[in-house]
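Next up: the structures, one after another.
Consider the two complexes below, in which chain A is the common component and chain B and chain C are the respective partners.
Coming up: the complex of A and B.
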C-alpha cells in the first residue's frame, strides 16, 4: 500500500497547485493574525470587517488606500525588474530617499533651498519626473556597476548604501535645504508643485497614475520586448545567456538603472503627494515592504496592482482600527510578513502528494500545514 | 581653530570610552553573524532578532526584578528565534535574503504586539541597569583605564567571546567544518559533513549573539524598551562582519572604528565645526562598501554565501 503522504521527486508546478498552496498560506496567515486580536478583547471577524471597511469601504478610504499603495507598487515593480535580471539588490530605501530629495529640490526651485532658477510651470512636471528618476537610477547604478564590473556583493553593498542615502538626506534637511525653524526639514513645497487629486471626494493623487503607467510599461517590457526577454534569461542562467549572445552585463545594468529610477518615483509620489516636504524618516520602511509585495505577486507585474492595493489598504485600515477601537496596528505588520513567510513555507507542500485510500491520486497539497 | 584647542587628553578619553561603549552590542551581534556567514547563511534577520532579544530581556528583567536574568533571557529569546529562522533559511525553498527581509518586518510587528499585550498602555518602568565594573588595578591605569576597564560587564563578556569565537573558528574541528560548508557545501558533503546540521549551528550562534546584543542594549545602555531601540544596529553588525573580513578579531577592530566614528560625531556636535556630522557617520559605511566592492583586492567572502544547499 502506498504511503498516505508521498514525497515527489520534483515540486508540483501546475497552476492549480501554485494557487492552492498560495491560498493556504494566505488563509493561514489571516487566521493566525486574526487570533492575535483576541488577547486585546477583539473579535477577529469584526476586527477584519472593520479593517477592510476602513480601507475600502468608501470612496474616500479607498482613495487613501490607493495613496498608500502607490509607493509600494513602484518599489515592487523596481524589485521585479532588478531581481528578474538575477541581481539581489535591496537598496530601494536609498533610491526612494534620493528620489524624494531630487523631487523636493526641483519643487522648491527658485527658493534658496531648491534649484537656483525658477522653472516655468510647463516644464515642471517633465523636469521633476526626470530628476527623481535620474537620482534613483544613478544611486542604484553605481551599486549595479560594482556588482557587474567588479563582482562586488550587491545585496550587502545596497544595504550599506541605504545608510549613506539616509545620511545624505539627513545632511540636506539639516543643511542646505533646511527651512528656518527648529525641525530639520525643508520648507513646505509650493502648492502648485503637489500632485493634484484625481477627483473630488477621493483623496487619491495622480501618483497612482504614475504607478499604473509604470506597471503597464514593466509588463510590456518583460513580456513583449527582446530587452525584457534578455533580462529574464540573464537572470535565469547568465552563462547560457552569454553563450547565446546576450550581453548579460549590459542587461543587468539596464535593469538596475530602471529599477532605481522606479523606486525613486515612489519617493517622488510620497513627497509631492503626501508629505509635501522633505524630512528624515520619510520612507518608513516602504523600501522593504515593497519588496514583500513583489514577492507576494510572485514577481509578476500585473499581480503587483492588487497586491499593493491590499497591502496599502491593510496599512490604512490598520491605523484607523487602532485609532477607533484600540486594537493594535502591529497585527497588520505581522499579517503582511506572515503571508509571505507562510506562502514560502507552503511551497514545501508542493513536494508532497497525498494518496487518499481508495481515491485517485489527489493533487491537493492541503493536508498537514494548518495544524 | 576652535576645534583643535579642545583636543586634550580628557577629550580623547571620553571619546574613546564612548567608542568602546557604542561598539559593544554591535560587536556581540557581529560575532554571531560571522558564524552564520562563514557557514554560508547571510542572516539579514539579525535586525529583528536583536529587537526580539531586547524585548525578552526587558520583560524578563521587569518580571523577575533581576537585570542579570534579563540579560540571559535575551540570549534564550535569540535561541528560540534562531530555531524558527534556521528552519526558514535552510528548509523553505526561498532565498535567504527574502526570508531575512520578511522576518525583520515580522519581528517589528511581533515586538510591538507583545509589548502592548504585556505592558498595556501604562508607562513602562525602567530597569536597574548593569553598572560599569571597574576592573581592579587595571581601571586605575592612566588613559587606558577609563577607556577600557570601566565598562559594564557585558563588554568584557563580548571581548572574551571575540577571542573564543576566533579560537573556535580557526583552531577547532568544528570551525574548520563550518568554514568548509560555507566555502563549498557540495565538497563538504562529499567529505562526509552534514551540511544542513552545521549551517543550523551557524544560524543558532548568530541568533544567540543577536539576542544577547539586544540584552546588552537594554540592560547596559538604555534600561528601557522601545520599538525603535535597534534602529539599524543589526545592519551595522552586518557591515562590521564585512569590514572585519569575516574574522572575529578583525571584527573587533571594525566595531571599534564604527563606534569611534559614531562617538566622534556626537562629541563634535558640541563644538563649532564646519564638517557636517553625516560625513563622519557615513564614513564607516563607505569604507565597508569599498571593502565589499571588489575594487580593492579580492573580496574574501565565504564562497557559498547566500547559496542554498539541498540534498540531492
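Coming up: the complex of A and C.
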C-alpha cells in the first residue's frame, strides 16, 4: 500500500518546489495571524486589505515599502558575502550605525559638527560613499581579523561590538556632533546632501539604486569571478580551499571588509534618505532583520530583492493596518514572525511527496521500505 | 588457543533487502565462545549490514538469530545489548564534551533509587580497565583523548555492560601501529576470558595476525568460512574478490629524464608539534614514478603536504627544476607545475557541495578566466569538465551533478583527471586507490601510467604494497619520518619492503612479518 504522504530521500530542490513551499508558508502565516485578529474585533479580510493597500496599493505606498526594504537589502547582501566565506559575523547593526555616523559627518562638512572643511558639490557623493563604506569595513574588519588571524569567536565578538558601536554613536550625538538644543541628535543635514527622491510625490530615494547596484555586484562577484569562487570554497571547505591554492585568510578578510562596507551603506541610506539627521536608535534592529532576510532568500543575492521588498512591505503595511484597525502592535509583530518562521519551516515540506490516488505508480521502489 | 565447539551466536539464513538491492542473501554465520572471528569482504560486500542486523540496527527480512541456543528477535540495539552483544562502530559514538565515565554510563538504566552514582561507576570502570590493561582516566574529557584511547572507551563501554560478543567495525582504520598492537593484545585477553570478538575488516594481514576463524563475504553472500590455520593471505584475497588478485598494468619501460623534483633534507612537524619528518631527501625524475611505501602515520602525509606547502618546512628545501620553491605559496607552486591528489578526497580533494564543473576548476580558478583574469570563463570550464568526464569515464548524470554524490571511484577519477589535465611537471599522489573497487583501481592506475609516459614526475605515496610494486619505477620506504631504504622496483620484493616498513635498518631484529602484506 502506498502512503498518501511519502518521505523523500533527498529534499526536492527545484525552483518550483521552493516557490510553492515558500508561498504555502506565507499563506499559512496569514491565516493563523488572521485568526488572532478575531478576538480583538478585527476582520482579517479587511485588515489584510488595509495591509496590502498600504504596502503595495499605490505608487506612493510602494515607494514607502521600497524605502523600508533598501537597508534590508544591503544588510542581507552583506550577510551573504560574509557568511558565504564561512564566518558567522552578525555585527551588521554596528556597521550600519557607524556608516550612518560617517555619512552624517561628511554631509555636515563645513559645519562645527562635521568634517572641518567644506566639500565641493562634485566631490560630495564619492566622498560620502567612500567614507561610509570605509567606516563599516573597518568596523567589521577588526572583528574579522580577530577571527581569521587568532581564531576568535566572531559571532560573540561581533554581537558585543554592536553595543560598542551603539555607544560610540550615542557619544557622537551627545558630544562632538550634537546640535544646539535639548535632544541628543545632530543638526538636520543640508538638503543638498540628501539622497534625492526618485519621483515627486514618492518617498523612494536613490538609495534603492545603491541597493540594486550592490545586488547585481554581489551576484556577479559570487557567480562570475574567480574571487567569488574562492570566497565560496573558502567557506565551504577551508582545507580544500588551501589545497587548491586559495589564500583562505585573505579571502575571508576580503569578504568581511566588503560585508561591513555594504552594511554601512545601509546606514548611509537611512540617514541621507529618510531621517536626514543622526540620532540614537536610528538602526532599529535593521542589522538583525537583514540577516533574517538573507536567510529567507537562502543566501541567494537575487532572491534578496523580492524578499526584502516583501518584508519591507509587511512592515509598512502592518503598521498601517494596525493604525486603521486598532489592533495591538504585537499582532503585527506576530504576523511578521510567523511569516519568517513558516517560510523556513516550509523547508520540511520539501522532504515529502504527495501520492495522489490514481497518480503515477512507478516511483515507489526507490523509497526505503523500513520505517 | 583452541576454539571450543560452544557456539555463542548463530545467524541463520539471513536475508536483507534494501529496495531492489539484496544486501545479505541467505547468509549464515556462527560465532563460538572465546574466538576472534574475522568478517572479511570488499566494500559493499554486505558485512556491515550483517553486523548491523546482529546489533539490532536493522531487522532481517528472513532468517533468525540464535543466542546461546535461544532464538532472539532484536527490535533495536537495546535488545542486542541485553543479550550481551555490543558493537564499536567505525565512527565512535561518544559525546565529546563529556567525561569518560559519563560516556560509559550513558543510556544505562539506574538502580531503583534513580540517583546517578558516578563515583561508583568510575570505581567499577577503573577496576575493569585495570583488569584488561585498558589504561584510562575515568574523569578525562573524551574530546581531549587521542583516537586510540577513545576506542578504548568504546570497548570499556561494552565491557561495562558485560558484553559477551564484541563487534568491532574496521577497528584499526584510525590507529597508529602502536595503538594497533595494544588493541590486538586487548582483544586476545578478552577472548581468553571466553568472550567472543567479531572484527569486520578488509586488511588481510591483521586477520592472519589475530583471528582464529575467518568468514568471507562477497556480493552479499557468505562464500567461505575457514579456520585461520587452513588458509593464507593469498588464499583469502582470492576468496574475497573471487579470483586471483593480479591487477597488472601495462608498464612500458621507464625512461627517466632529468631530475625535476629535489627534496633536500627537510624536517616537518605536525599540528601538535610532533616531529613527523626528519632529514628526508628525495629526487624524482621526469617520466618516473617514485613509490613511497610505509605503514601509515610514518610521515608520508606530512611529506605530501609539505610538497604543496600545506604544511610548513621546519628545515631543508625543495627544488623544482633546480629552482628553490621552499617559500612559495600553494598557489604559486601549483602555477609552477605541481599537482596533488590527496588521500582525503572528500575532505581535501574536492568541495562536495559544489558541482562537478566547479570541482573541475578547483585549483585552476585563475586559468579559466577571461577579461584579464577578472571573470570566469564558464564556457571553457564546462568544456573542461566534459573532457574529464569523457576521458576518465566518470559515471555521472551530467556535469552539474553534485560532486559529493559521486561514488568514491568516480570522484577519484574526477580528481585525477583534473590534476593531470594541467600537464603538471610533478604529480604527488597519496593513497590513490584507497577504498576503490577493482574497476576504478584499474582506471586510476592507467591514468597514472599515462601521465608518467607523458613525462610527468610522479611521487606516489601508498600503504598498499601491491600498488607500490606494480606501479613504481623506484621505491623508497618511510619509517618513523625517515627514508628507511630506497631501491629500484625490479629489486623489490614484498618481504624486503616489509622488513624496511617495520624499521629493519633501525632495529637490528627487524622483520615484522605481520605487515609484510
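Methods note: the second predicted complex is superposed on the first by the 316 of 371 C-alpha atoms of A that agree within 3 Å, B and C clash if a C-alpha of one lies under 4 Å from a C-alpha of the other, contacts with A are read in each partner's own complex, and residues count from 1 in each chain.
In this section, a residue touches a chain if its C-beta (ideal position, glycine included) is under 8 Å from a C-beta of that chain, and two chains touch if they have at least 3 such contacts.
Note that the coordinates shown come from a computational prediction; the quantities given were computed from them, not determined experimentally.
Of the two partner chains, neither chain B nor chain C is touched by A:67.
By the document's definition of touching, neither partner reaches A:204: not chain B, not chain C.
Of the two partner chains placed around the shared chain by superposition, chain B is the only one that A:36 touches, whereas chain C remains out of contact.
Shared-chain residue A:338: touches chain B; no touch with chain C. In the superposition on chain A, contact of A:47 is made with neither chain B nor chain C. In the superposition on chain A, A:168 makes contact with chain B only, not with chain C. Look at A:156: by the touch rule set out above, it reaches chain B but stays clear of chain C. When the two complexes are overlaid on their common chain A, residue A:328 makes contact with chain B while staying clear of chain C. Among chain B and chain C, the chain that touches a larger number of residues in chain A is B. When the two structures are aligned on the shared chain, A:299 is found in touch with neither chain B nor chain C. Comparing the two interfaces of chain A, the one with chain B and the one with chain C have no residue in common.
Residue ranges on chain B touching chain A, taken from their complex, read 42, 44, 88, 91-95, 97-99, 101-106, 108-110, 112-113, 116-117, 232, 235, 238-239, 242, 276, 278-279, 281-282, 285-286, 288-289, 292-295, 299, 301, 305-306. Listing the residues of chain A that touch chain C in their complex gives 224-226, 229-230, 232-233, 236-237, 239-247, 365-370. Residues of chain C touching chain A in their complex: 17-20, 58-59, 308, 310, 329-335, 340, 342, 344, 347-354, 358, 361-366, 369, 373-376, 378. The part of chain A that touches chain B in the complex is made up of residues 11, 36, 39-40, 88, 90, 146, 150-153, 155-157, 159-164, 167-168, 170-171, 174-175, 285, 288-289, 291-292, 295, 328, 330-338, 340-341, 344-345, 347-348.
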